[in-house]
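The block underneath contains the structure these notes are about, expressed in structure tokens.
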Amino acid sequence: MEKRARVLIDCKDAKGLVYNISKVFYDRGLNIDNNREFVDKEHKRFFMRTIVSGIFDIEELLAELHAITPKEAHIRVIEPKDKKIVLMVTKESHALGDILIRHADGELGAKIECVIGNHNTLRELVERFDIPFFHVPAEGLSREKHEAKVMECIDRYSFDYIVLAKYMRILTSTFVKVYDQKIINIHHSFLPAFIGANPYKQAYERGVKIIGATAHYVTNDLDEGPIIAQDVIPVNHRLSWKDMQRAGRDGEKIVLSRALALVLHDRVFVNGNKTVIF
Amino acid sequence: MEKRARVLIDCKDAKGLVYNISKVFYDRGLNIDNNREFVDKEHKRFFMRTIVSGIFDIEELLAELHAITPKEAHIRVIEPKDKKIVLMVTKESHALGDILIRHADGELGAKIECVIGNHNTLRELVERFDIPFFHVPAEGLSREKHEAKVMECIDRYSFDYIVLAKYMRILTSTFVKVYDQKIINIHHSFLPAFIGANPYKQAYERGVKIIGATAHYVTNDLDEGPIIAQDVIPVNHRLSWKDMQRAGRDGEKIVLSRALALVLHDRVFVNGNKTVIF
Amino acid sequence: MEKRARVLIDCKDAKGLVYNISKVFYDRGLNIDNNREFVDKEHKRFFMRTIVSGIFDIEELLAELHAITPKEAHIRVIEPKDKKIVLMVTKESHALGDILIRHADGELGAKIECVIGNHNTLRELVERFDIPFFHVPAEGLSREKHEAKVMECIDRYSFDYIVLAKYMRILTSTFVKVYDQKIINIHHSFLPAFIGANPYKQAYERGVKIIGATAHYVTNDLDEGPIIAQDVIPVNHRLSWKDMQRAGRDGEKIVLSRALALVLHDRVFVNGNKTVIF
Amino acid sequence: MEKRARVLIDCKDAKGLVYNISKVFYDRGLNIDNNREFVDKEHKRFFMRTIVSGIFDIEELLAELHAITPKEAHIRVIEPKDKKIVLMVTKESHALGDILIRHADGELGAKIECVIGNHNTLRELVERFDIPFFHVPAEGLSREKHEAKVMECIDRYSFDYIVLAKYMRILTSTFVKVYDQKIINIHHSFLPAFIGANPYKQAYERGVKIIGATAHYVTNDLDEGPIIAQDVIPVNHRLSWKDMQRAGRDGEKIVLSRALALVLHDRVFVNGNKTVIF
């Protein structure tokens, strides 16, 4: 039966890769519905995302592609279907709300399995959408203990990504390692400006004329992971830092949702501390 | 001897195009330094721009590529080198000036052969850069007569593109036909809003909150040719239309220069009344 | 008792207006917390928005301000409090959803009295937030008859504004006249480009490189009312018109919410077919 | 004889300032053509920029305004006329070129007295415009010695501002102190991101999706002075840092020219380490 898949290849650059890969598709009679490539010349690394359609067996296709690419090649053949995500939040509703609306509309491209809050503030909003909300308070717990409770909670679900929709706590490197390249965060500044706490206050005090938001993968280094999407909003001297925070929320939610859409459609490759986005 | 070329292919879509084209490059031992493709599904049209390097003869490569692509395929193999352009201007200096500075800096990617003005206003500026300026006044002449004089002037030069850097006269369809897909214009609005004369006044009167500029190929229909680049500038109620005009100039010159860079680097395909830009 | 109010003055320009108005505030011992003025020189019209605080009686203040301004002056003294709105929708959830989330969060600056849908599609979403939803189908009814039913529905509520959150029907001039300067619409294009139906398809077919959204007051002329806010999103040849529609939704909802915030905080003056925004 | 002036007032906030100041204008029969105010609530500081026209003596008006404002008030009454500037450059022509074109066009709002280069690269370009160029090489000189030579050079001119149009050397605090609030710089990043050397390389290595440019007053702390204007340009993984540098140049020159226009029209107040811009 005819099907459609995203073929994602990420390997050392080598002569003839495009030819050899397209030969595999051609020999099997597959259609190429869309094709994007990129070579990182500095690190001699090749990235390719192809949408193919036709009659094929995924395991066989994978085997053939591995046969003609460098040994360490990272190859995925993915049939488009909704991924599964869990959300982590604190008190602010805008980023969560934007995702909930898209979810309710069927536009998100993912099923939300559950929402974890370190506060209980957003329970009502989440439950309006008949999605499980778990309050995992951090008070009186070490960071490790708190995260153990979070993991207990989310590991009951199978999921592809953890989305930090304004989750205001720092994660330990242990937690981050467990969910490597699976955690997406929205930082409320135009990184790397204003790393750390209260970036709007920092922005206000520096007197910038533009503020921003950054969606990125979470790695060990706080606010240092590969950037997926950024956007900016003009501001001026009339805005207090609270005004900037308010104005910035629109940017945050849009950037997070845009980054999430890219990730959920398998359009993002992590390339060291950067991303390649097709 | 090793060389580098841009291979541009534009043809009816067909199965195996990527495979067959990359096979030609592979069989000849050419490196693919960069590759972009696009299929216009609506019109079933395939576009590809590949940078190849290696040892090859351009005529032979062209012949091989024609052998494996549909008959009507439009194929170009272009060695990167500065193109030649002529500029047409009226009285405003900003778009012209931006191009002159890039030209003086060696950054333009083109040699300016000459500048034609229907007024003499910009002679001094052009001659500061030791570039020929020709004043071809239109007063008392029919449109056809005036254009005949312009053509007499520019046809002494060989050139790849005519750049209308705020040339404020409408060209006849005869003129446009002679230089088909060779005339680039900057229109001082966010097309298709405010087609025609004095778009800033129109924008002011409509009370828009954003103004724009559009660089496009010139075709028979005024302000209707394929769009290459656009940009916008926020405005507010405080600006008079003269203020908008002043503010808009920065957008105009940047958009024109950006479009010109795309065209001069053979990054733009015309696709009906649209463009494909790699 | 100390209170705070927005003083909005809109009148023919005259010498000494700032002096005379600030004298009223000064003589009453009021603090000026914020002050913005604008003179439309073309139409010789004066606009002022001042936030005052102190002890005062609204009627008395109004009387004193009328005494020192031109007869036709339009003066309002408004105590900041949530306004009331009704929403009209069709099938798309994004603009509605954005407003519902802000409403649930207490961030909207308005109470939503009810939502009217000419389809029933969005009932579930609205009722999740415990807000009345009324399905007023238009099938088989004349425009006038349908609007009569809508009016019957909304006139049970007192409200300040009607927000068309992707309401896909054209309103009659009768309806518009009844709610003069009270209807806010989001149009899914960068007006005045692509007036009318399916602007994304028009934008796709024109091959623009930027799409936009426009929030405006509704007046008799379709898509011709005073513009409150606009924003744009870059696009390219890879996007189908459905992709543009999807991409454009983020712009639409943000522009509508931004315009709504301006209106609800009494920051917008209508000035003929334009707006003055403080 | 009727004249026009910009009245700029910057003082501690106090009750009745708007009333008292507008009373001065009113009593003298002056027209207010434009008026902007701002109160920095955090620092209790009042800023006002008013365009007045009528018959008045500047010294008398100043005296009256001082009489009704706090003692430490900084008050200026400035008749609009071209200011004088000197430019300092290194090797890159884009920011300089943009200013030269505006100057040649009469659009700059300033007379360029001379250009200082620590390299000789840009002499030809500057001399094309009949503007004095001085090569003040830094090789083999201490920073102090070099700056002494620069000062010797520029102090032959009277000027209002020094514009660093991509001057790639750090100035000593001594130099900065001499020309306090008179030095405008363009930094090739979205400050405070990527302070210091080679911000495009830093941006490339961080993998940001947006780059920027910042025009600011120069103070003692490198890249830390009050920001006047900022702008951004989207980038992606395809750009090398050289590509980013190239793309960034358009932003740099536009931001510098925009900031310069604001400063030259007396629209910028320095407020601690920030600016208030009308």
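Per-chain numbering from 1; labels A, B, C and D assigned in written order.
The rule is short, and it goes like this: a residue touches a chain if its C-beta (ideal position, glycine included) is under 8 Å from a C-beta of that chain, and two chains touch if they have at least 3 such contacts.
The structure presented is a predicted model; accordingly, all values stated were derived computationally and were not measured.
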Copies subunit B and subunit C touch via same or different residues, half shared test: same
Selected pair, greater C-beta contact count between A-D and B-D: A-D
Reference subunit B; chain at largest CA-centroid distance: C
Mean-CA-position distance for subunit D and subunit B (Å): 35
Subunit A and subunit D: spacing of chain centres that average the CA atoms, whole Å: 41
Junction residues of subunit B - those touching two or more other chains: none
In the complex, subunit D residues that touch subunit C: 15-16, 18-19, 22-23, 25-26, 31-37, 39, 234
Parts of subunit B lying in touch with subunit D, wherever the complex brings them together: 93-94, 97-98, 100-102, 104-105, 107, 125, 128-129, 246, 250, 254, 257-258
Contact set on subunit C toward subunit B in their complex: 38, 40-42, 190-194, 206-210, 212, 226-232, 236-238, 240, 271, 273-277
